[in-house]
């Protein structure tokens, strides 16, 4: 594994290795503390981010690597002077040993990969993919349910633009007997190609028109934010998809609530204290999974070079 | 001491301990150089800042800790997507072992503290408080006058919105026989609750209508900037409160000029070379006092945990 | 060498020393890896930058120093509250052991130097100078042509506002028998004082009205971007100065193409794969030359102080 651009690049074996390494990172095993000393890693973000950027930057430093960071590449950098993404990548790879990219174009990471001589991690591309989020999501599923095979999960909200949902689907489809229940706001349904992806991987997809249609013993409810910043028509009610204490009351003691965050109000704060609300713990899993991801890629990429 | 939210949280004994430790930090004692290695600290700033953010970030690195930084959390991060401060704190505490927060709401740090599982330092909250500034201010007073008891100080300018003045008052009131002379622009007088605070702590507050009403042997003149960014009506003259060479000429050889900075023109640059102008040295005291503050809190908070 | 403000501050001997050290940095000699540990260096940028800021920040970390960074000092910091550059410098020098400054005023670094107690590096000042770029440019020339004396170079595009061209001219004029061919867009000719500078240093300057007037055996073509952000009248065609495969076909096998980058379209991407296109390698030389620059200045400045 020398890059992470699309979720389907990951095999089940690679995923399992990453999870085992993530467990070690979670325990803060001393041997990894300065393991990437001497490397410099760039975070290059063309879209706003708190969670993804800061968790990557924390992971980078926990591994002892140096960090160069662009919080707002669209406005503060060469993009404003008309530089193409390809040129920017070709330059920054002279300054850093790995580039972590968030960009507003769906094909940005693929384009970066074509010109890159250092590893690229896609940390969010338009309304396409966000594989590191998929990674931490599956890691969280594994943490709470032990087994990833035989998982049922309700995906709710903006299934059209939510790139975390798209990455999650692709990664889950690596496992056996996965069932998705999709419940979206009207007009934000899961795109056809993702439904086909699910079905061609022997997983199941059921469309739900209401919370009541989601089985009460579903393993996970994966709620998402309506990405109003990507919508042209903002005139719709999200009332129906809000998950609150009352609506959650019919679900099982083993149904966990996930959310890639940030949330607006689609999960009511009255659920925050419920032990089945694991969305903050899910976010915190960004650290060990990103440490494992960065470490694995750097180690693989530079194994025969003087660096490592 | 496990957080620093409001100045009144600090006792006189804690202050003294911080000052002794600040003296050590000032001498760059080797033992502190990598003392926080392995920790990661977040600076989360929702309002513009050069001084406070950069001095915290310098202090963090001088102690050997890792740093994750948000220069403009209001625009570049999840706040723009509608995330509450509480949610942001709950997430970032999974990435960092301490959060240093600047926010435009007066109760922001109190709100953060309620949900936080890591230490919080209030680095400026609306027009409320700014305790780390108070800390460096008192440290500067101690440096130049040796004794903090029996201090007289003229506070000038925007006494209503100047959060550094508010923190300074609360910290000085921990000491004996303190006298304040307040000289403000019309409409920006010291709020009544602060006058009551002073009087209930056996300190004195005198209102001055002119520079000439400030005793010429006052120990310190603490000038402040008119915070035009917080004012609705900007039509007033600050001419009267400008301190220049001429107006300063009647003051004693032992009267020092302080300012939390940045200044616009309320201290004339013709005073910069006067040895009693200590505002830049005051700013530089941000480093040892912040090093002491961070070190003390981290050490106290994590003393029984695996980290330390 | 205790600062780098203007290119003419550098002597030929200093340049040569920097190049020899840059060669060592390029090889990542272990002895420099943590050589600046304990120092903190500030990057203070009032104008957008990707290349310069990130390459300085990478260099800083490769040397083991701490970093405090301002990506957008104009908007996110004290400048917005009305603080002068001089005051900002006087404050930050209490937080950092060196300041790397980019500012929109031509005299900014000179003004900073006047008040500074720590070394200042001018990383771009208005449409004036950009000495670190000049440094990496000459280092690149030395790398590809071995000898800097007897160099011919065509400078193309915006010769009026292009500060990298200005720094390059001054540094090249330290050497023997240098010939410049200037080919600019109408209205963006090389200012008279630079032509006089060239001629007073026994170098030659020829004005070209077309690509065809540039000798086909010129050693280097130094293309530059039209800095539309600095122009009032943007109505002109850059068509004539675009360098593409066809126009480049008449040049020698030993004519190299340089560009300070970012480019818009003044070098056609069909030239990117030509081995004589060295603009990305040129950009990458920012790392070893900046490492050498920072290391030399810090070492010289702090040699008798406790730091080093």
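Per-chain residue numbering starts at 1, and chain names A, B and C are given in the order in which the chains are listed.
In this section, a contact is a pair of C-beta atoms (placed from the backbone, for glycine too) under 8 Å apart; a residue touches a chain by one contact, two chains touch by 3 or more.
Please read these numbers as outputs of a predicted model, since none were measured by experiment.
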Edges wherever two chains touch, nodes for the chains themselves; is that graph a line, a ring, a star, complete, or other here?
complete
Overlay chain A and chain B by their C-alpha atoms and let me know the rotation angle in degrees, rounded to the nearest 5.
120
Whole-Å distance, chain A centre to chain C centre, using C-alpha means?
39
Going by the contact rule already set, what residues in chain A reach two or more other chains?
69, 71-72
Chain A partner contacts - residues on chain B that touch it in the complex:
38, 40, 42, 66-73, 75-83, 87-88, 90-92, 94-96, 306
So in the complex, which bits of chain B are touching chain C?
28, 33, 48-51, 54-55, 57-58, 61-62, 69, 71-72, 225, 229, 261-264, 280-281, 283-284, 286-287
